[in-house]
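Going in written order, the chains are labelled A, B, C and D, and every chain counts its residues from 1.
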Amino acid sequence: VRLVHSLSTTKALAELFSDDALLRAMLDFEAALARSQAALAIIPAEAARAIEQAASNASKLDADALAEASLHAGTLSIPLVQAFTEQVRTQDTRAAGFVHWGATSQDLADTALVLLLKRAQPILSADLDRLEPALQRLSAQHKNTVMVGRTLLQAAPPVTFGLKAAGWLSGIHRSREQLDRAFARALSVQFGGAAGTTAALGERGPQVGRALAKELGLEHPEAPWHTQRDRLASLVCACGVLTGCLGKMARDISLLMQSEVGEVAEPAGPGRGGSSTMPQKRNPVGATVALAAAHRVPGLVAAYLSAMVQEHERGVGGWQAEWPTITAVIQATGVALASMAEGAEGLEVDEQRMRDNLDATRGAVYAEKAMMLLAPALGRDVAYKLLEQASRRSAAEGKHLAVVLAELPEVAGRIEPAALGELEIAEKYLGAAEEYRAGLLRLTAEEKSTKKKE
Amino acid sequence: VRLVHSLSTTKALAELFSDDALLRAMLDFEAALARSQAALAIIPAEAARAIEQAASNASKLDADALAEASLHAGTLSIPLVQAFTEQVRTQDTRAAGFVHWGATSQDLADTALVLLLKRAQPILSADLDRLEPALQRLSAQHKNTVMVGRTLLQAAPPVTFGLKAAGWLSGIHRSREQLDRAFARALSVQFGGAAGTTAALGERGPQVGRALAKELGLEHPEAPWHTQRDRLASLVCACGVLTGCLGKMARDISLLMQSEVGEVAEPAGPGRGGSSTMPQKRNPVGATVALAAAHRVPGLVAAYLSAMVQEHERGVGGWQAEWPTITAVIQATGVALASMAEGAEGLEVDEQRMRDNLDATRGAVYAEKAMMLLAPALGRDVAYKLLEQASRRSAAEGKHLAVVLAELPEVAGRIEPAALGELEIAEKYLGAAEEYRAGLLRLTAEEKSTKKKE
Amino acid sequence: VRLVHSLSTTKALAELFSDDALLRAMLDFEAALARSQAALAIIPAEAARAIEQAASNASKLDADALAEASLHAGTLSIPLVQAFTEQVRTQDTRAAGFVHWGATSQDLADTALVLLLKRAQPILSADLDRLEPALQRLSAQHKNTVMVGRTLLQAAPPVTFGLKAAGWLSGIHRSREQLDRAFARALSVQFGGAAGTTAALGERGPQVGRALAKELGLEHPEAPWHTQRDRLASLVCACGVLTGCLGKMARDISLLMQSEVGEVAEPAGPGRGGSSTMPQKRNPVGATVALAAAHRVPGLVAAYLSAMVQEHERGVGGWQAEWPTITAVIQATGVALASMAEGAEGLEVDEQRMRDNLDATRGAVYAEKAMMLLAPALGRDVAYKLLEQASRRSAAEGKHLAVVLAELPEVAGRIEPAALGELEIAEKYLGAAEEYRAGLLRLTAEEKSTKKKE
Amino acid sequence: VRLVHSLSTTKALAELFSDDALLRAMLDFEAALARSQAALAIIPAEAARAIEQAASNASKLDADALAEASLHAGTLSIPLVQAFTEQVRTQDTRAAGFVHWGATSQDLADTALVLLLKRAQPILSADLDRLEPALQRLSAQHKNTVMVGRTLLQAAPPVTFGLKAAGWLSGIHRSREQLDRAFARALSVQFGGAAGTTAALGERGPQVGRALAKELGLEHPEAPWHTQRDRLASLVCACGVLTGCLGKMARDISLLMQSEVGEVAEPAGPGRGGSSTMPQKRNPVGATVALAAAHRVPGLVAAYLSAMVQEHERGVGGWQAEWPTITAVIQATGVALASMAEGAEGLEVDEQRMRDNLDATRGAVYAEKAMMLLAPALGRDVAYKLLEQASRRSAAEGKHLAVVLAELPEVAGRIEPAALGELEIAEKYLGAAEEYRAGLLRLTAEEKSTKKKE
């Protein structure tokens, strides 16, 4: 992790795209290619063995020199193949002549990227596997925990914290399904040779491609996809939508953690959430990190989409814009996920404060309820105006809405005293909150069990 | 179509989001809500009838006044409900009291949007149903049409135009599948009331929601989704990926239409592709329009994703950013699609020019082939250097590569004269181009027939 | 204003880019061109008169037909010139032959856009001329109004509302200066003919360009700028930065208006800030509109910047992406400005609530102060830990921080009782708030007076 | 340079934002702060000396541990201050208590960023100082080099390569001026303490701030700008516009380098522009790198702008999104600049090929000229139609346009034979190309000399 990126990635995802890991993936491609071609008797078996052996040692490559050479070559693949060929040559001169046989730079670069993405998926999944159950637990525990609903940041009729957590979960769960599908579609080998016809291998290109895919544990697509980037773009978009959902959850947490609200708190711990100058503080660190990701990822998605317009058989500029972009997207998504997983697992919920904040509205949030009680008699519109006035009086005089209403002649006889008496009981104005909550949870649970059966 | 948007939308998609269509959708919601609630005996049947009748006449509403009032209200729903209530009142005072019963502004606004999106899908599909077969035809017709492959805009080994067209088709086809799925997921009714619990309807909210969904031909989701925008965001992303694929096709066409290349031409016609000052021109108008969309849509996708971070039970700013953004995305995608459909249907392909451009490289594009022929003997790396020199000589002296090679001592005896003789025959260096092409076409065809069976 | 855009533009800015206004600007170009060329004896004076007369009547043009034709022509200019030529012909056959003399489509389209931008500037300025003084007044009135500072949404040492308002003003004021400069640079005529050399006019192109610029009240640049779009891009960026500043102000207002905070309120009024279902609500409508703009504009800026990469002498796709993008940016900036101007002019500030919220922290926000008092004796680091504990105890036991501290042996003798006694007096812990506030206000005032003198 | 970023940054700009450089900048802040405060007798002189000494050794800090701790703390500043304090303590226990005196995390982080930006400016300027003169030279050398103008990638009347190069220069030059101004405005110290009032220093905050600014060679702003990010945002935008201009130049170069066009070539050299599989290739590497930047930067600008909406006195998410974004923008701009500087300095221009391509249009590009010659007699509109037909015949029959025209009865007597004879002489149809070119060059030269005098 570079310090300048210390909030932009987890350690695991930083290592995933490190020089070592990238070179490892590139050499895995070269080794698998040689192995596949030897098995198909396209190159000599001894050459393949020498290539494989050389490939087992990525550490001999000089990453700094490669980086510099890349900028002149326009791709890392060219200097990498050169340097690797030299390494093979030191072992076996003839084998050096069979390195990268029939492949093009983009085959190597794209497949290496895909190999890294394949390793990214379980990292993201691991945090989703923490986050989803944590939200399910929170939702179940707080199915009866009432709190102020808030629309445009103004107090609205009550909801339950269980419903709110289920809402977070639902977006995250749906986004995860999309992400999984996008990964499945994106994890294809790239093998097309110079112009995407594998002409250098005669008609045996597809054979090699299939063998290579099998070696690397990737899909073999119908055709090379050098300039058809929709599958990777969909993956980037799926990250964008997931990060948006995480950002929504994080925004809510940051708002609920406000000193004036105080309804939840992220888990505390040594070195977590403090301030360098304000000893009293407990900052929403996880939410901050997730929100930072939610600010960054949309622009990165735009960059990726704009780079899809790639020329003919290999793009000039668009393709080369992809690596830093998709890397940043995966890392940002991952750090947002990890932050929210940690946040959800240890989230402290202050039920009393939730109740207190509800009470502090002095019944204002039940104005809709009172309106609906009056509406059958007065009409919704007339009732609306009456409640508008009553709410204003309640706020101005500091009286509970039910009290104000009890004094109004228009209300007398139209709302039963008993009904007025329980006007401000949150539990009596939750509508189908529990049904909705349960429905959302059922959905996420059902699909999970379905998935297991498959 | 506003003139300032004349290249940004088709007429059909401009009308889809016109004031009339939007008001119509909003009144459809109110009418369907009343009908549903009357059927469930929640509001009087006569009230529902009066509401339905009033709703049948959107033209009585003053769009200008509504637009102005929206800006003060923060949403179109509020002034619309007010104005509509007044209209109902002129017919039936009591019915006026039952308008918008138990619904919130966002229920109305979101569902109206979804209704419009539901109507957008067939419009986009219609153009995809023109574009895909046109590309299949082009690909089939030109399965043997050889042309220069181009990587980084430099001449590369030959491909077929059939393969190129199949590549365009494959990205578009896959994107379409994603788009269809995204539409299916997005077309859900919104009905949650003030805080998303439908509390104003007691526990009958879900019943009403289901009835309403059925009335409107939409799905009923597990719960209201006021601030969980992932399904719409995925739809916007799917448009982004599709537009990227269309942009790729358009970029290729614009490049192939260059005066110096001249391999394809968009269909001509009166008023199509001319210049105001240059009588000789035939401009790539369809490609231009599609590329303009491909420039605009990524930023719009970013705007949509960044707006997903919506507060609590209703967002302040994020939600309100959605309408103009999703509208622009659908329209841009649609106009790019229509342009490419028209372009593909009438695309003129100049096979001779393709062949001529290939010949004009004087065999340079077969350098890889010659290298592969020499590589078994010399090694890939040594052969590479030899060909680099030969290519340079070929270019400098204007000789065909095969001729230069024939003169080299290193080549003599390593490439058979016969092989050298057919070095520059494009048909002998297409590798698996046809296998890839056929695979791509089969895929798109198979899935189509599968779909029909379903 | 289209309803779908009702929160995305002011009425004035909707009209600015209306069909009428755009056609008017295009005909103004044609008329001014004819007039200039007649004055230079390039075309006959009678022809110019006929052209001018025909141009005086934009209403004869069929906007719908033009929009449709634009999509086929790839630009509005071509069908517009054709239709206009026909109009001239009905008056004077020979004059018809001199319409659009020596100009190219992009000359017409770009200059028309610039003319509309020239009219946009005073519209934006008018709202800035409301917003800036309103913020200056708010800042001056509340220079002594103390309130909780908030970092990461957690309570921090006090600030004044005057300083906060001055902060908003400073960003807006600096952005305005950039915007003004960007307008000044962008308001240049476009006149280059087919390939940007005005070759159709021999060597007289620059003469015509200068005359045309003078006629239209625009600058004459050193050369045509058909594919050098940096000046427009800078204008779009300046709007982006200004909207970001407005979004920051709006975010703060929306947070301060939260039910649980209640420190400010946007002005109320009929039809302003209500809810369709919650009679008690007072929504932050202006903030909502400005935040919606702040969500949309960054993506639009990205779209504009990505479209700068325009090919050779006229772009294919990039140029054509500009109109809808820049229009949306100007409108979004304008509606955010108008909303914040209205919001600032009528902003209600609840000084008592600000004080109450400060008191409600029970001194927690003075932990830094106590730390600094203890630091000279204990060291900053030791003092930090002490205060961390004391703050926790204060929160847990509901005691004021000063009380907790008074009980600690480490504090005794290190903070004077008198100092401890005034620990929690906000006015005694404002540091240089007033100096900073005054500095910001002076700056904005000084420059204004300088500007007047110029 | 990480390999995944090897095309995304120059080495110098990678080092600029390396861990070492960042920690160095942060310790420079702490040292300068201590020095300033000692000079003002706010902290003991010995403490300052100890702090300074410890700060002189950044290498003792464990970057990996800091990165990990940052993610928990939500900012690098907190663990850095802790670790640094411990280092000071090993030398001087008392001095440890005066580290970071009166400063807040964001003061440290922002000022460190600004210090790095200050160092970025000369790096960018150095490449601009290569690029601008190179373009001036190219423009001067080729002021008479005629070539095809190209609009929408179709052949248009001729231009000179000198004019084209001057066009590139003009956009880059204007963008540079904006960038310089943006740097000048952005290079301000951040020093506001916990809530931006420097309350921990009583009223002495501004004194410290001024001293600190002087120590660090930065401006002292009127007030802290913790959540007013417009100056940095403007800098990011200026980079965006400059990169757009570089992308435009790069796009043109990549198009001119196409095998079918071949009018320019980027400089060759060992390891530059080759292909791993195609020995004949000379790829537009510099253009590729610049275009990749032009694809990425717009989305990064969007991310930055969207992050401007920062809450109250310190943002939650927005601020934390800035570091990776602005770093990526500066690096991308820098690598695009370096690539275009190298490309321009060694650009090979093939004048003969330019002439040949012009000739190959068989006069089509002079259709406008012929139309203008006929227009006075026939009218512009009638002449337009005539030329449309003649151009079509010229293309179909492979005859030069002048020949076709000579055969037309409508032309006879209306264009003098002499005029027809020189119809297709490029030099006779350049209009004011040279005047425009010279104007653009003069402008960039004049301002430079003005700057020197200042």
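Just so it is clear, contacts are C-beta pairs under 8 Å (C-beta built on N, C-alpha and C of every residue); 3 or more make two chains touch, one makes a residue touch a chain.
Small disclaimer: the values here were computed from a predicted structure and weren't measured.
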Partner chains that subunit A and subunit B have in common: C, D
B-C compared against C-D, more contacting pairs: C-D
Centroid spacing, where centroids are CA-atom means, of subunit B and subunit C in whole angstrom: 31
Distance between the centres, which are taken as Cα means, of subunit D and subunit C, whole angstrom: 24
In subunit B, residues with contacts to at least two other chains: 74, 100, 104, 150-153, 156-157, 193-194, 200, 247, 250-251, 254-255, 274-275, 277-278, 283-284, 288, 291, 294-295, 297-299, 301-304, 306, 316, 368
Subunit C-facing residues of subunit A, complex: 148, 150-157, 254-255, 257-261, 274-275, 277-284, 288, 298-299, 302, 306, 357, 360-361, 364-365, 367-368, 371, 384-388, 390-391, 394-395, 401
Of subunit B, residues touching subunit C in the complex: 1-8, 10-11, 17-19, 22-23, 63-64, 66-79, 81, 100, 103-105, 108, 193-194, 200, 247, 250-251, 254, 269, 271-278, 283-285, 287-304, 306-307, 316-318, 320-321, 323-325, 327-328, 335, 339
List of subunit B residues in touch with subunit A within their complex: 74, 85, 89, 93-94, 96-102, 104, 149-153, 156-159, 163-164, 166-167, 170-171, 174-175, 178, 185, 193-203, 205-206, 222-225, 227-231, 233-234, 237-238, 240-241, 243-245, 247-248, 250-252, 255, 291, 294-295, 297-299, 301-306, 308-316, 368-369, 372, 375-376, 378-383, 429-433, 435-437, 439-440, 442-443
